[in-house]
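Two complexes are shown next, each including chain A; its partner changes from chain B in the first to chain C in the second.
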Partner chain A sequence: MPAEVKTVLQGRLERFNNALQLKSTDRVLVGPCSDHFFSAKLAGISNKDAMLEHDKRYKAMKDVVLRFDFDIALQSGVYPAQWYSILGARHYKWPGGNLPEDKTFQFVEKEYLLADEYDQFLANPNDFTMRVLWPRMTEGLAPLEQLPPFYSIGPDPIFLGPAFATPENLAMLEKLKLLAEASVDSMQAEGDYIAEMEELGYPVSYGANFTPPFDLVADFLRGLRGTMVDMYRAPDKLLAAVDLYVEPQIEAAIAWAEAVNNPRIFFWLHKGAAGFMSDEHYQKFYWPSLRQVVLALVEGGLTPILHVQGDYTPRLPYLAELPRGKVPIHYDRIDRQDAMEIMGDRQCFWGGVSSALLSTGAPDQVEDDVKELIDIFAPHGGLIVDGSVGIPDEARPENVEAMVDAVHQSIGA
Partner chain B sequence: MSEIDRLRDAIVEGDEDQAAIAANAALEAGIDPATLIKEAINEPMDKVGKAFQDGDIFLPELIIIGDAARVASDVIVPHISLEDLDASAGGKVVIGTIQGDMHDIGKNIVSAYLTAVGFKIKDLGTDVSPKEFVRAAIDEKADVVAISTLLSTTQPLFANIVKTLEDAGQRDNFFIVVGGGPVTPEWAADIGADGYGRDAGDAADLTKQLLSAGQKPPFDQPLVVGALKQ
Partner chain C sequence: MSDWESKQKQFIKDILAGDEEAAVSMARTSLEEGATPVEFFENCIAPSLQDVGKRFETLDIFLPEMVTAADTVEKVNSEVIKPAVAESQAGESMSLGKVLLATVQGDLHDIGKNMVGLMLKVNGFEVVDLGTNVPPADIVARAEQEQVDIIGMSALLTTCLPYMKDVCDFLEGKGIRDKYPVIIGGAATHPEIAEEMGANTHGGSAAEGVEKCKMLLGKL
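Up next is the complex of A and B:
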């Protein structure tokens, strides 16, 4: 990397890190955390192709960063279509798979873990995940359902051979091989994108990303309704399931951050927002496991970034407990004055420009909205302007331009 | 404590088992089933709905209370005369997320809320085709068809439901109401819907207003409850 590019990259990275850590910066930043299909739309690529053809997708993302002159390179919020199609995923629908090619990918939430299966799951989560959950979620892993528990195959691993010696199991093993190969390809494409963006002087927004323990259970195991009912009907089992994911998530987050050499780890918080549960339930079911993960990562010198989806205003006092300047918050909907009052001197404010405004508003409305953000948060430092969940797929390009312009104008002011 | 109070308490505490026991006990004590529905279910459920809107209770409470109300209602309804049943029913709503869209959190909240405040709900789930909406509306003898989406690309399918009902000569049998992230009152008007609601409370108000309007569908302009906030 030429010295002048290295200087530009280091300058951007330092400014980004300073903003994330609530240190003073020479100016407000503007940078989307991630992208689903906004970049693909601008490049004229279908959602289907964006999920299938990694080079096209990452080129589109690069073009967006350069076109709008963001301060950071956005990360991809889309997993490769191959991951779903090879496994025959039932728990997702995606463009070009089982959805028309202009649709976005979606998770099919349901009770993959039934209420009366908690004991079985908690007694042996490995076995339940492999032989019950995965066959429910994917067609390709359905043969696992027919296998005996692994320990019962015997302590002698040579008997794995006969255990897998059926046409169905051989086909499944072939699919797993293809999945791993597809992952090598997509991870290589992501690595190439990050390297290219760094060569252009842009640090990428984050590396690893996770779903917090409560949301893992609520999204993938019990579904919204199941989880909500469990808070009353099976609170101890729900908590035990949530706690089960804490330590593995800490270990996985550290390992992933090391593997991609990026300390910034994004967490997508879904179901703890206002309206989903009372403060008492948040305190009991949602917050402790998340807090434990976040503090462990901070302790490990990493930067967990919490994207708080929905209205998170009532939860601000919890976020304020976290170590100052160590846990940037990416906001969806929030009372800005409350956020300033409670979090202004605690953590970086990232995000905040509503998806609806970027998609349906007019540029002058976007500009006014960004100016308000700047007026409120810029004096304390640690402001990174972005859409409320990155740039929405339907954002009007002129509105994204207005968002960037408003930040740049404030720099000149 | 009266039998009505016992049933009301069981429901408000979200205790399905006690709700069934209390409902049976009230019937055995000779209390008029229509009175039970009105005083032990519908009236407290209105308060529960308001508490949810006001942020005094949350989704878990709404769901378990709604479940208990449904259990009690299942016990009581077979004992009600057809005339009284018509008088006590809040109306039947067929609800779902449109084809191509798997998002269901908002739809589920509306579904739970409508159940809690006394409507009969047939929840078709997600990814529901226009034909499935229409078939369910006819089969279930619904009063209202409620369609949800989080994706702006699904708008033509909303219009298909209206058109399919028109083509089948069934449009005047069902109120069509719409809601969801990108849905606006203008969208509702464009597709010829009868109503638009922003959130769960709005959906309940909207449904009540439509069913008590004394006017058959379709409406010239949709009834709009709840403003779109950016």
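Up next is the complex of A and C:
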């Protein structure tokens, strides 16, 4: 990398890190955390192709960063379609798979773990995940259901051969091979994109991304309704399931951050927002496991970034407990004055420009909204302007331009 | 405090705590003491559920409490009230009306729709929930099959709004538009869109959706 590019990259990275850590910066930043299909749409690529053809998607993302002159390169929020199609995923629907080409991918939430299966799951999560959950979630892994528990094959591994010696299992192993190969391809494409963006002087927003322990259980195991009922009918089991994911998540996050050489780890929080549960329940079911993961990562020198989806205003006092300047918060909907009062001198404010405004508003409305954000948060430092969940797919390009312009105008002001 | 009032107070406590045993036992005892199933429903279940709905609207309680209460009442209805009604052949309807709910084609988001469904149930409506990603033709066919009173559609994705309009157009084309009032809701919608696509009304929240359904059926 030429020295002058290195200087530009280091300058941008330092400014980004300073903002994330609530240190003073020479100016306000503007940068989306991630992208679903906005870039693809702008490049005239269908959602289907964006999920299938990684090079095209990353090229579109690069073009968007350069066109709008963001301070950072956005990360892809889209998983490759191959991951779903090879496994015959039942728990997702995706464009070009089982949705029309122009739709976004979506998760099929249901009770993959039934209420009366908690004990079985908690007694042996490995076995349950492999032989019950995965066959329910995917067609391709259905043969796992027919396999005996591994320990029952005996301690001698040579008998794995006979255990897998059926046409169904051989087909499944072939699918797993294809899945791994598809992952190598997509990870290579992501690595190339990050390297290219760095060569252009742009640090990427984050490396690893996770779903907090409570949301893992509520999304993937019990579903919203099941989880809500469990808070009353099986609170201890629900908590035990949530806690089960804490340590593995800490280990996985550290390993992933090391593998991609990026300390910034993005967390997508969704079912702890206002309206979902009382403060008492948040304190009991949601917060402790998340707090444990976040503190362990901070302790490990990493930067967990919490994207708080929905209205998180009532939860601000919890976020304020976290070590100052170590856990940037990416906001969706929030009372800005409350956020300033409670979090202004605690953590970086990232996001905050509503998806609805970016998608349906007028440029002058966007500009006014960004100016308000700047007026409130800029004096304390640690402000990164972005859409409330990154740039929405339907955002009007002129509104994204207005968002960036408003930030740039404030620099000159 | 009348007998019904004190029962109602206890019933609310039981359903909010998800105490199926206590709630079912109260219903059984009341019927053994001479109340008809319809009386128990009208004097205890319906007002209790309305109270739960109001508490949810004012954020005095949250989703876990409302889901648990609705779940517990479902148990009381299936174990005590419905069998007793069938036995007495009372035949009296305990429903304000039947509402079909669906998240339209291309959209799998159902938290909002499910909340509306719950609120409708706790307010005495019967709900036929078709789930998510439902094609317009299926919505119309099931409305006919189930003889519903209202069609309710939800969408979070703006790209799925045309499917809502398709339902209104299908109804029009089949000459049955007047038979089915249509209400739409969800993050992708607003009142102007409802008017543009030819829906009867729009619900901006679960609580407003219930009020609008009552209004559509002249129950307000």
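Simple rule for what comes next: the second predicted complex is superposed on the first by the 413 of 413 C-alpha atoms of A that agree within 3 Å, B and C clash if a C-alpha of one lies under 4 Å from a C-alpha of the other, contacts with A are read in each partner's own complex, and residues count from 1 in each chain.
As a convention for this text, a contact is a pair of C-beta atoms (placed from the backbone, for glycine too) under 8 Å apart; a residue touches a chain by one contact, two chains touch by 3 or more.
Treat the numbers as computed from the prediction; the structure is a model and nothing was measured.
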{"item": "Partners on chain A (chain B, chain C) - clash or fit", "value": "clash"}
{"item": "Which of chain B and chain C A:Glu139 touches, first, second, both or neither", "value": "neither"}
{"item": "Which of chain B and chain C A:Gly361 touches, first, second, both or neither", "value": "first"}
{"item": "Which of chain B and chain C A:Glu341 touches, first, second, both or neither", "value": "neither"}
{"item": "Common ground on chain A, meaning residues reached by chain C in one complex and by chain B in the other", "value": "93, 99-100, 102-104, 106-109, 224-225, 228-229, 231-233, 274-278, 281, 359, 394"}
{"item": "Contacting residues of chain A [partner chain C, same complex]", "value": "93, 99-100, 102-104, 106-109, 224-225, 228-229, 231-233, 274-278, 281, 359, 394"}
{"item": "Partner chain A, residues of chain C touching it in the complex", "value": "17-18, 59, 61-65, 67-68, 71, 106-111, 114, 133, 157-160"}
{"item": "Footprint of chain B on chain A - complex, ascending", "value": "93, 99-100, 102-104, 106-109, 224-225, 228-229, 231-233, 274-278, 281, 354, 356-357, 359-361, 365, 394"}
{"item": "Contact footprint of chain A on chain B as seen in their complex", "value": "14, 55, 57-61, 63-64, 67, 100-105, 108-109, 112, 126-127, 151-153, 181-182, 228-230"}
